[in-house]
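The two complexes that follow have chain A in common; it is paired with chain B in the first and with chain C in the second.
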Partner chain A sequence: MSLRFNRRSMLRGLLGGAGVGLGLPALDIFLDVNGKAWADGTKLPVRFGTYFWGLGLTDTPTGGTRWVPTKKGPGYEITPELASLAPVKDKVSVFSGFRAIGDGRPNVVHWSGHASILSGIAPAVTGSFDGPSFDTRIADAIGSSSRFKSIDISPSGKALSYSTRTGKSFSTPEITPVSLYERIYGEGFQDPNNPNWKPDPKVMLKQSILSAVTDQRQALMADVGTADKVKLDQYFTSVREMENQLELQLQKPEKCEACVVPGRPGEAKKSASIDVVNENNKAMAKLLAMAMACNQTRVFNCVHTPGASETYIAGDSKIYHQYTHDEPTDAKLGYQPMSSKLAGMVMQGFGDFLAEMDAVKEGDGTLLDNSLIMGFSDTGYAKIHSLENIPMLLAGGAGGRHKAGQHISSEGESVTRVSLTAQQIIGAPVGEFGTGAMKTSRPITEVMA
Partner chain B sequence: MLRRETGDGQFCPGSEDLRRFRAFTCAGAASLALAGATLFAGGLGDPALAKTPKAKPPATVTTAVRRITESQYRHTIADIFGPDIKVNARFEPERRQDGLLAIGSTDLSVTTSGLEQYFALGGSISEQVMDPKSRDTQIGCKPADPGKPDAKCAREFISTVGQKLFRRPLTEGEISARLTTAERGATLAHDFYSGLQLSLTSLLLAPEFLFRTETAEPDPASPGQYRLDAYSKATRLSFLFWDTAPDAELLAAATSGDLQTPAGLNKQVARLAASPRLDDGVRAYFTDMLQFDQFESLNKDAATYPKFSQAVADSAREQTLKTLVDLLIDRKGDYRDIFTSNETFINRYLASIYKVPFASSQEWTRYTFPQSSERSGILTQVTFLSLFSHPGRSSPTRRGIKLHEIFTCQPTPDPPANVDFSKVQAIQNGTVRTRLIDHMTNEGCSICHQSSDPPGLTLEHFDGLGQLRTTENGLPIDVSADIDGVKFSGAQGLGKFMHDDPNVPACLVKQVYGYSIGRAAGYRDQSYIARETEAFAKSGYQVPALLTAMATSPEFFAVKIPAGVKVASQSDTPTSPTR
Partner chain C sequence: MKRRLIELAATTAALVGFCGAASAEWSKTYVVEWNEAAMYYGAKTGVTDPGTDCPKGTNPEIDQVKLLEDAGYTPAEAKWLRDPANPSRSPVHGQNQMAFRGEGRANVYIHPETTKDYGLVGVSGKISEGINLDGDTSTGFVSPTGEKGIDNTFYKTLGCWKTYRGPPRLSSGALTFNDSMREGAWTVVIVVAGKGDDPMNDKAVDVGFYMSGDKLVKDGNGEIARDYTFRIKPDAKFEALFKAQTKDGVITSRTAADEVWLRDPSYTGELQLLRARVSLTMEKDGSLKGYVGGYRPWKPVYDGWVRARGPVIESLTWVRLPDVYYALKRSADYSPTGPGGEKTHISYAERVDAIPAFVMTPDASKQVTEVTSYKAMASKEPPEKKKIYVVDGLVPDPKVPFGESLKVYPVPAKVSEAASAAPASGRK
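And now, the complex of A and B:
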């Protein structure tokens, strides 16, 4: 890795790199989120999102990589499976060579990779994490002043989210553009630019509903065991967030210059075929981007396609997942042609997503410039369920805190370094992330401004 | 911050109230500010009384907190407010563990997005309940002045409906919290019903409704031991037999203590089992066991299977459930016959998939599959065949895995991550059998594929949607199998094979038990499962008999004190099942 010094890496270097990775800009409560930021146009809120796609990218053991750029550092070249990122290449950093480390735990196929990236812990079994996903920590840090603390979407139509506070209960995602639209712009939506804003008395009535619920908290928690307490804690956390949501609705929303309330989308097609998934993904990205511009949420999670992805090319009887496992490696090309083609199509979803965010002008730049999106997958080379070289990407300028447009190459370091980097760029109060061999307090300072 | 309840049921404000009070005044709602001020005046509680008194002795322990399922929610609402109430929401995803959502749901909570859904849904239900056209019947009393709060009528409604929703009588604290809400709302809106609507929404949003909390109490018969309290027992019974909250009679049996006596328990179980509502319980159980929740996200490629639609998926689900209810309840049939019976029901959509004429003027009609259809039993219905296939093709492996997992409780481990896939190559020609041969011979793959693929291959005369076919890529499909020396052929052969597999009834017993108690039956439950399986066999494998036998056995109500609970009357040792 190149030797680069800046204020942050200096600080870390001086202290021996041990547990001092606390993000300098810290929580957004220190930032000006009360509207003054909008007035002088210098400090727009920073948003964070995770974007997951299933089945990794192609990097065959014979050396036929289809995604890892040759050039390291800034100005990396666009590779075939990253082609969809070309228009926003300078706003995206590519991380190659990072791996999930099991520490003796089995490789839980199509699960260990993203569980490690999000929770920092190699999971014991499929379907649950052994800790919370870090997006919830970021949501706690930056999501309290928007109506929704975070929004989950799953354009493939499977009700799937990897965002969890307990490791067991995962968020409920919106699975169609219409349901996403209803959630954000339906009942309870307040146009921040409405000059005739008045508090809605209904909101106060709603508040009294919740107060009756919280009244009973103590009685309910009095004699429960540890596991049940976790569940009830999560429930009451949800109630608190709901209260916060209602409280915000009674305050005059700050004007958002970039906010243009979108029209209602049409009914989406329901299919796992890649063209339909990408179409829905794009429509949902558009709605979500505007939701962030309208300060309805600052955090999101998108599961484009699940781990063992069922997506396919319309009319083809074989799904992507099957191709990755049983398609022969073409001797001349050195890779699996159909799998690679599908990987590129799946990545088109990420390209589309970023393009929608980049299309929203905000301040001197775009919404993407004020956001950080971590793109990642469940696996490296899918044919062998590899946990090595899991593709990871950080997209967006994070309000100037991400030195984007670089290719960071690692020789098998833990994926949690990238996760930690994302958390620190966004300013979550996290100095260390992960357990066991994946424990790290070293963010990737090259990409941190 | 919590608000503390004082002895007389009024509240003194914590910071939460301050926050809310501020919000009210800043919004300029003068009347509400007044209401807030009144609340403040009520204040100054005695800290000694801070803990809300419960209607149960302090030695009780909460032994389980299980989120109710979507169908339990729906059934409960329909029971209390009638079938016309629309329940229109997307429920939080459930989680399958040890083969059942009922077991996985014990780990689940309500996330923020989930609570939003419950909040909106609760609001919509209570709005429908308070509809001026029907509210008099729904509420059962009338306020003295509809423009004002009415504590008497509100209390009556809250405690009656609350008891049905919480599956036990409400504590005074629970009632008075809702009375406060009702009063606040009625004052603000100058409408009694608006206030009551808010109270009802808060009941529908309450953790006491959304979670089944099971409570253990000291067992008077065995000092030092715990037993499930009567309301928790009533709830277990009711959800198993009817998939809904206990009805008035069952709650009364809990209140009177009858349910804690063998005679009282037998009487209630017999009543539950004899009711036509047993259909709901059996449907709910098999919906879970057969993994029908996966229909929500089932996709088929439109070019490959143009006949597939949501209507087909819904019909298929209904077909299997109708078949099961008919065989297992109406005809008191042998459970093992679900694999061999040709008796079923079809509608217009399914007739098209099964390629049979549909002449009935009814929506559904009874149908017997002829021998030539190659169909027999539920494995040959569209449900199993389409659910465990890919979007554009069948999958013998998935079908085989699901067959073992669902019906014989033998889950297949995940494929080894580091297996050498280099020899596993796609073959474009031939049938799927030739393509799978390699899995079955490849070391690392073989141990599982040798178990999953052979039964799956016998179903290959049915494509990914469940339509009959006999060739693939122009070649005849070989549907023969040799499993543990038993040779058979085709789906009908597989049905017979499953019918005779002793693991099948044992698995049902195990899963019904896990479904009821909310955890997988483990090593310590083995002898119980074996005894119940024997009794099941003696009954001629009748499912209602199985449910009755289990629900009247002490193990059904066994108590396990969860980790992290200090038990007042004894040390930390968990109690064994009460007998």
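And now, the complex of A and C:
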């Protein structure tokens, strides 16, 4: 029987004269009998990550850009601040000209940009979002069958994550390679390729404790009022998630060809200087890449440097944040030279990160080919905290669903179009994203295979 | 659609007739899409290059380590305080210890006279934008078009400071505050109405600046959209009404307004102008460009910069804030109490760019066609307070009490050794 729809199908139609596409979630009918590959044999696009860096990239009102390619569509040229992406250029799409729209809300500096990208609504105040970040929705969709639903890292050493289910409290990231290693490969880790695998008695004990209270749990729910029921329901949802995770750990894991358990990293340096941050970032990317290859997680969030980034070049008395504000635009160059230099160094972190993922071979391709990573920042022209032309990137082949290697140029459309595109490429069951002027049901179909 | 609705409203209003004062014969309405201190840039290129205004270019960056050494800190302490690795140096709020460089470790932001005046370099050129406020053509600057008597001592005093200097729309301060306005932080509308037959040449014209609660709207190119609709939001303070005239499309004040208040694109936030005047041109493309000027109090200007977090402003805008205090105090050129009184005000002009817009009455019932005061309709609620928590120009750090940075985070031995090996220039 031939299917009318397949995994690449989109529900297409016309809205206001413009073509719109609605991606479909990863329905069972699209999978092979094992659920491990698409019916046509290609691998599942099962990994998703967000990668944030602070202070945007260099763009000035006088027209000097150091990151926006001139050529649109496929085959864009590598610009100075994207130089670190050159080795994986054909696996990265660049999105320029997109903006966060406040709908009358003020620009909460170093916050509104990424809050809009992740939650689809401009925040009212700094420190919280007005909705959940969309990575959590993806984690719910694709992260339940791995040991960790998602993992957050913050290589700058600051405990920062922008992943949130409530908008108020944010995930707790690992801030050093050692802590990341311990979390993934420490207690509870089971090597999927270990021929002598046995269920961990500690896990069995934990599971039995949870099972033992099931009856009392149900009795308690019957006794309490509506408000408490809501609270308890939220609480027991997290308990059930824990039960699922334990259940998962008691099953013999599938072999993962690409999985090679890494050695414990040495103690990392602690500093916000860019060389140290990038060193930690690279070490953590390596650990995280292998965690994904070993099916420990399928979703991650990385905050390379905060919005008001305090990173600096060792020996310099000024931090990057200060340079973006106080450095004048060089009349001959047309941009802020030190800010641009630092932007390039910060982007080296993203290049290194992608290189680590591309170094892990999976089947005929690489881990990067089977992943989608959305890279983005908090601002466009950092000198004035602009919410226009916020740099956004989609990296990785997403198992064939991302037509990568393109430059998509917009004239002021909402950043949520890129966010929606990422969600639909990865297969999250979402037809629209955003609120108010940033509400969109139009993904960028040019990059969707 | 929006425009059609407004046209309909205007037509309806015309049919039923306006209440109150008789409407003017003609009116034009605008929304401000850019405003900044009128600072003539005397260089031909760049934003900081040497020019006729500032022959040495924009005032250079301050050596903050040297500044701390001058204040009595040891070289090791000074270097450590400015070291990005120092945990007490906030990437957002700067280094609080920068405040305590006055006599007896006084906070120089709130007690600027406890430190010496290094002398802020001001404008030495002869050209300035602005308005002749006192009618005297023998004093002041010459305008770029040759008009004599331009009064803009604010420019003369602060025009070489990086935050203000640059070609129109490109100084860092103007970019920052206008971006904020354009993202919806505030909106100002202008109503121009006349009684004559020819708007371009009319001897009885009124000009009104009002606040609007409706946010500016950007078009697809990121510019502020023309012909959008804004309701006047009555404000008990921010309103400026002028008696004017037009000649060849240029609107100039007939008489000075005693006192007006405008929303200022600055950390001060509000602009009181005494003896205020306008000089605005109705351009062929429908826009309105020009100046509003008068004498503004100088102390709130200084206080605005301090409230914006002294250490941040000093490092980002390349200035010693006490120098700004001394310079403004020294240059003030107007006393509200008369020639012999204390000069609390300084001559000033603001450059205004406005585009056509529909301006409606506060209840949106009709299009505004006359200039009148809406102050009586203003809300009695106190204005919303700013959320940023600043005390004496500093953001308190619970881990580091004011002035205790070196006790909480003493100079590491490595820094101390390196500093003691270097010559201790400027050390007291």
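Keep this in mind: the second predicted complex is superposed on the first by the 377 of 449 C-alpha atoms of A that agree within 3 Å, B and C clash if a C-alpha of one lies under 4 Å from a C-alpha of the other, contacts with A are read in each partner's own complex, and residues count from 1 in each chain.
Following the convention adopted for this analysis, a contact is a pair of C-beta atoms (placed from the backbone, for glycine too) under 8 Å apart; a residue touches a chain by one contact, two chains touch by 3 or more.
Note that this is a predicted model, so its numbers are computed, not measured.
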Chain B versus chain C as contact partner of A:Gly127, first or second or both or neither: first
First, second, both or neither for A:Glu310, with chain B first and chain C second: both
Which superposed partner A:Pro195 touches (first chain B, second chain C, both, neither): neither
Touched partner set for A:Gly263, first chain B, second chain C, both or neither: neither
Which superposed partner A:Lys149 touches (first chain B, second chain C, both, neither): first
Which superposed partner A:Leu160 touches (first chain B, second chain C, both, neither): first
Most chain A residues touched (candidates chain B, chain C): B
Which of chain B and chain C A:Gly63 touches, first, second, both or neither: neither
First, second, both or neither for A:Ile319, with chain B first and chain C second: both
Partner chain(s) touched by A:Arg105 [first = chain B, second = chain C, both, neither]: second
Shared chain A surface residues [contacts with chain B and with chain C]: 106-107, 271-273, 310, 312, 316-319, 322, 325-326, 328-329, 383-385, 387
Footprint of chain B on chain A - complex, ascending: 106-109, 126-128, 148-152, 157-160, 164-166, 168-173, 179, 183, 187, 199, 201, 204-220, 222-232, 234-239, 241-243, 247, 250-251, 270-273, 310, 312, 314-319, 322-323, 325-329, 383-385, 387
Complex interface listing, chain C residues touching chain A: 45-49, 58, 61, 64-65, 82-85, 91-92, 162, 169-170, 172, 175-176, 179-180, 183-185, 215, 218-222, 315-318, 387
Contact set on chain A toward chain C in their complex: 61-62, 99, 102, 104-107, 110, 125, 271-273, 306, 308-310, 312, 316-319, 321-322, 325-326, 328-331, 383-388, 411-412
Touch list for chain B against partner chain A, complex: 2-3, 5, 11, 16-17, 19-20, 23-24, 26-29, 32, 50-52, 54, 60-65, 67, 90-93, 95-97, 104, 107-117, 119-120, 122-123, 171, 173-174, 177-178, 180-181, 184-185, 188-189, 194, 198-199, 201-202, 205-208, 210-211, 213, 296-297, 299, 301-304, 310, 390-393, 414-415, 417-422, 424-426, 435, 464, 561-565
